[in-house]
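There are two complexes below, and they share subunit A, which is joined by subunit B in the first and by subunit C in the second.
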Partner chain A sequence: MAAVQGQPGMRAPARVGGWRRALLPVVRHEELLLLLLFLAVVAFFMVVEPSARSTTAYLNLLRDISPNLIAGVGLTLLLLSGEFDLSIGSMLAFSGVATVSVFNATDSMWLGILAGLLTGPLVGAVNGYLVCVQGMNSLMTTLGMMFVLRGIVYVWTNKTPVVDENKFTAFTAFYQSDVLGVPAPGLIALALIALGHVMLTRTEFGRNIYAIGGNPTAARVSGIAVNRNKFLLFVLSGTTAAIAGVLVASQTGTGYFDAGVQGFELVVIASAVLGGVSLNGGEGTLVGSMLGVLTLGMTGKGLRLMNVHITQQLVVTGIVMLIAVYLHGVRKRLLIESRSWEE
Partner chain B sequence: MARRDEAAGEGTAVSDTRASAPPVAAPGRVVLAMEGIRKTFPGVVALDDVDFEVRAGEVHALLGENGAGKSTLIKIVAGLYRPDAGVIRVDGEPVEFRNPADSLERRIKVVYQELDLVPGLSVAENVFLGGYPRTSHGLVDFAAMRRRTTELLGELGLTIDPDRPVGELRVAQQQLVEIARALSRHAQLIVMDEPTSALSSGEVDILFGVIARLQERGVAIVYVSHKLDEIYRIADRVTVFRDGKRVVTEAAAATTPRQLVAWMVGRDLQDLFPKTAPEIGRPLLEARGVSGSGLHGIDLTVRAGEVVGIFGLMGAGINTVGRVLFGASERAGGTVALDGQAIRPNTPRDAIAKGLGLLTESRKDDGLVLPLSVRANMTLASLSRFANLSWIHGREEARAAGQWVDRLSIKTPSLAQPVRYLSGGNQQKVLMARWLLRQHNLKVLMLAEPTRGIDVGSKAEIYRLIDEMAHGGMGILFMSTEIPEILGIADRILVMREGRITAELTRAEATQERLVAAAAVGRAPASAGVAQEAGD
Partner chain C sequence: MERAPALDIEPTARERANPLAGAVRWLFRTQEGILLVVLIALCLLLARLSPVFASERNIFVLLSQMSMTAIVAIGMTLLIVAREIDLSVGSMQAFVGVVAMQALNATEHLLAGLAVALLAGVAVGLVNAGLTLKLKINSFIVTLAMFSIVRGLAYTFTAASVQNHHKLESFRAIGTGFAFTLPGIGRVPWPVVIAAAIFALFAVILNKTTFGRAVYAVGGNPRAAELSGIRVDLIKTLCFVITSVLAALAAFILISRMNSGQNNAGFGFELQVIGAVLLGGASLAGGQGTLLGTLLAVLLLGTLNNGIVLLGINSSWQVAVNGLVIVIAVLLDARRRRSLGQD
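Our next item is the complex of A and B:
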């Protein structure tokens, strides 16, 4: 017997349980989750450490963390396209040493800064050529580049810091200066973040980055120049790393051969991933990645304020990272529950 | 874990599969009954007060458009979703499926389109995955496993080497391994979700043979498909869903195809193929002696306003033609020209720039960017239309995408929804929209199986759009393994076999028999394809 039912009725919006509904904005927007985590870390240190209650502490944090933020911008865009750059730690030393060496060779501050900044696109272009034109794996290519650059710096400096013989005070003063109460390096970082964010969310280039990272073949058959875009991203990653390197050199007017040697690249990658950037590419945001940098930076800063020994700092930093990864998992589950809507 | 122990226990129970006759319900007995099932997701009621029952030994077909609620129902049966309301009874007992293991425990097995087999493991290991038989020392009893796998496959009338890695098998064979796996767990209800979407017609015959054997054993089958001819071949009863509600349950023999379509679509669909008289113009796409990626000496011409169909059996290489002409797969020789301009091999970008488009056949591999939104996926090939010096005008983009969401009735809560969360049919529509958004820059559009997994109502809309584009002077190359649609919309049909074009038929000449004959000439009898070891 045919049992025909009536016409389909109106679709009522679904009900989601109380506490889950409250969590929904956090589930939908990853950045909110990270912001909460960051604030939780801040709140923790404010409670346990009186010196963490001053505004200066946070402005100094912004100053200290600015190289990570800046290098993180280029690296995040590259990660989103599904590629890696492990050479940014060595870049930090390479561009810093180049800057101060050119100071001493030419007695010109501007030439030195220019030289330092130019190392970035140069090295980035080499990485980009090897990966995009020669088809080499980016993880191994940039790992190789990491050793090559570090080796060059060691040979070049004989493993001694390169000191600015001209004592360009403008160079060192810049790092310590404030504009409208905000540390100047922090402002550069914020400007680059804003630029990167707009590029990522509002331009064709940004959309292509996500498409390439999310599914390179689909991007290719949709007419996107996959390799050309990736090449540009390697150049960009090198460039932001070089800017960070010049800033590190300006802290004391010295080109350090060992700048970034303690896993700078890994810290930045870890921060980005902590901030929700997928290592497979295609997923994540720059804002999230930067919140990841800030969260890890804040953890380190707070521990230093508390005079926690460096070895114990490592433990706590690791724990914060694990918490972040755990929260990501929880969020994903909730997201699937709330969103999954197939057929 | 407790679950593991249970599985191991089951493994030992399996050892007497052959000895004791398979314990199945008496024919006609209700195996699964679902009453008043309701399931909601944010923004949508997926199932609204649905009743559904399956009897032992019957093939119960489940029909409905994309988003009608079939998949949700299956996922509830599989224990993947929990209903918000309603009762599920198995063998008359109320049950609660909290996870897939609960469902399996009740001897219910769902065979999905994307099979969950482990490609690196052998057939036998896959069949007994999660419940390996043990020797008295507690080690895995490989000999017994092989023997019983051969027995199980034999009961289904199949001979597949139990030692072969599953990854080497063809999809059709993998599907049968999945069914054998269900039998190893004494399944009394097997749900098949569009099982024939990747099968050749010979393979479909074998699957239907297996289904008949399962029926004889009293196993109940829930069969989900968009293909009405299949339903009339095997189904005892059909249930039609629309917008989350059950519209009707009826004996298949008591329905007509037209009735079924009307129930699914909610209105009387006048004409599935709104073919109008073509106005054929100058040659646009010209391929000469194209080879590579398994193709040999492909010559073809698509003229302005013409719909050229390419038909062939699964594996004949029809979709490869589009890929090679477009540059997505390697072209080793030959020339391709579009409106007189040569197209460089292996560079889709060049093909697109010159006015060629390709809707690829594989949604997940080279179609969708899963993490990206519906909107971004739609505009992926036409983004520059909405951008000024790389700056995207979000509103224009959203308006254009939104129009196609409406026209193709794509079911999505919003344009910002990651395309990953859409159903397969709706994902396919998103890909179709990607090229529709670019149609004004296209001279020729090639479509590989554009209606796979799409419901009847939207199919008609897509055929209408193809006709409309052709009327606007575009050339269409339409690759499909579905005879009715090829016959329905193509002006001229090329038939392929083993990477070569073997026949060319005009619309007037083409009949189902001729197409099948041309596609199958020189092939071994179809039944050899799956049951015997396939060479490829």
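Our next item is the complex of A and C:
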């Protein structure tokens, strides 16, 4: 900046206080802001709650929120392209019930898991067909699919949990197991996040997602197959939700008809938005979204460790969400302002 | 100014010459017309299949059950037309129900309880509007956070439910009593009268007043509305408050029908209401939608659910059929738009 100041003909720089300049890295990098927010939440609980100081608490947190992280990967990519998927909560129940039902029908663990995972691309393809081929609004379509899938699960199970009659211990043990000290479901989540991040930042598909979300018409005109890309994203979102559903079923070896019924889809969307993903598409990152999941997850976990009643948990979660979204707005305004600091 | 989605097609010369052709076109080309045709067909079918369906008792039970959805959907229509949304109306059923029942128990006065309920509605509506308009956060996010916060507040007031200790007869009458007898038809329940009165009131407000025209203008093109001197924030604030107050009124009817205020009331209610409003022809893009469409959609969904019960079909199908109706409605809407070249 000093060099700029010395050049003749340049406008004198606005006098900007040191605290504002110290904010610059946070203003420029959204993930840094989110990381600080997450660390602030962690630090708060470490101070007030002794049991939040152990490493196991955080490893358990990773295990607990792995379904949210996994379903969040597919949903975030879809949100970035400017579309919605409200059916992932019902998918959680649908794939879990499918898995355990096929266990009982075929006595084969692998066939069951395969069936559970296949429900994802299947439902995703239906959503994708309706939105991309028929030109239906995705919020409405997946809202309808949310009820359709939940209804199918209710009719299928008669509103009773489907219990694994073979007692496949490998299935339930997997959820509880650790690999190199890290919970196995958490590792799956981390692998999927890494895969999604590379796809989003290093491939043409990833660039297309941002282009489509930012301006679909411009994307179409510049030769991007908008509908084909969106179709793939719906399949992807269904698939990650199905993986999450199979994991939820593996917690106790039971297919729950009411898995995700208390607003799983809304919590994952809230986490993504908290992580800086814009609901209009084209803005945000997968890493940010995942930090959003962690922050909301940590808030809930910390309050549970403190034995705070579910009451305040809900209230605090909502408030944390509002603060985070407000901070994103402030960051955006500062980002625009910061350009003038350097002139 | 455009009101209904399909009324913007000019009638052809032949249709102008023949009013009947215009009526036929209204029936088969507009969302309201199609809903009306489907609703009548469904009623005729159910009357044939079940002797109970057309009975006075069943029709009024059906209408009473739907009155709460209808009341909230009226407010939601205004809000969606103004290009905002409210996801907190389901949690409001729990919060207002619990608070109002406690107020009734404390004061043993019907109007005091009703006043507390409606004031709670005003308060939540103002918070929704303030956060959305002053902090400039997307209302989908604000009310998603409030969905969590308001539900949490309901839990703070009671661990499960607040029972009726005041034994006011007028209180029970609101949900289960009869207002008057229609000669030749039967005794009309209070909830139906309240819903009909609110519908009539808002039909006039939306179609005959400056405020109503402003709501459409704000949703259709906020920038143009602002430039033409409409106070956009004021209009939107009123829409938020109206929606919350009507949600509070529905909650009051609900506790009267259940005879207790329960903190788990209204799970998923918000998505049912929004589903009905969109089925009725409103667009999330704002500026489009009619109260008639919303009312017909609520009636259609309620009649379907009633039919499923009367025909002895597993009631779990209700959820799936509701979802399917929404998907089909959006599909038809997408096709109609395409054929009109509005893609």
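FYI, the second predicted complex is superposed on the first by the 322 of 343 C-alpha atoms of A that agree within 3 Å, B and C clash if a C-alpha of one lies under 4 Å from a C-alpha of the other, contacts with A are read in each partner's own complex, and residues count from 1 in each chain.
Definition applied: contacts are C-beta pairs under 8 Å (C-beta built on N, C-alpha and C of every residue); 3 or more make two chains touch, one makes a residue touch a chain.
The structure displayed is predicted, hence computed values, not measured ones.
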(message) A:G181 in the overlay: touching subunit B, subunit C, both, or neither? Say first, second, both or neither.
(response) neither
(message) Contacts for A:R202 in the overlay, against subunit B (first) and subunit C (second): which applies, first, second, both or neither?
(response) first
(request) Would you check which partner chain A:M136 touches, where first means subunit B only, second means subunit C only, and both and neither mean what they say? (result) second
(message) With both complexes superposed on chain A, which partner does A:F147 reach: first (subunit B), second (subunit C), both or neither?
(response) second
(message) So in the complex, the part of subunit A that touches subunit B is made up of which residues?
(response) 1-5, 7-9, 11-16, 202-205, 207-208, 210-211, 214-215, 217-225, 278, 282-283, 338-343
(message) Under the definition above, what is the set of subunit A residues touching subunit C in their complex?
(response) 86, 130, 134-137, 139-141, 143-152, 154-155, 158-159, 261-263, 266, 269-270, 273, 279, 309-319, 321-322, 325-326, 329
(request) Over in the complex, which subunit B residues touch subunit A? Could you list them? (result) 40-46, 48, 66-72, 75, 242-250, 254, 263, 266, 326, 328, 348-349, 352-353, 358, 360, 365-372, 376, 380-381, 383-384, 387, 390-392, 394, 413, 417-418, 421-426, 434
(message) For a test of understanding, state which residues of subunit C touch subunit A in their complex under the given definition.
(response) 87, 131, 135-138, 140-142, 144-149, 151-153, 155-156, 267-268, 271, 274-275, 278, 284, 314, 316-327, 330-331, 333-335, 337-338, 343
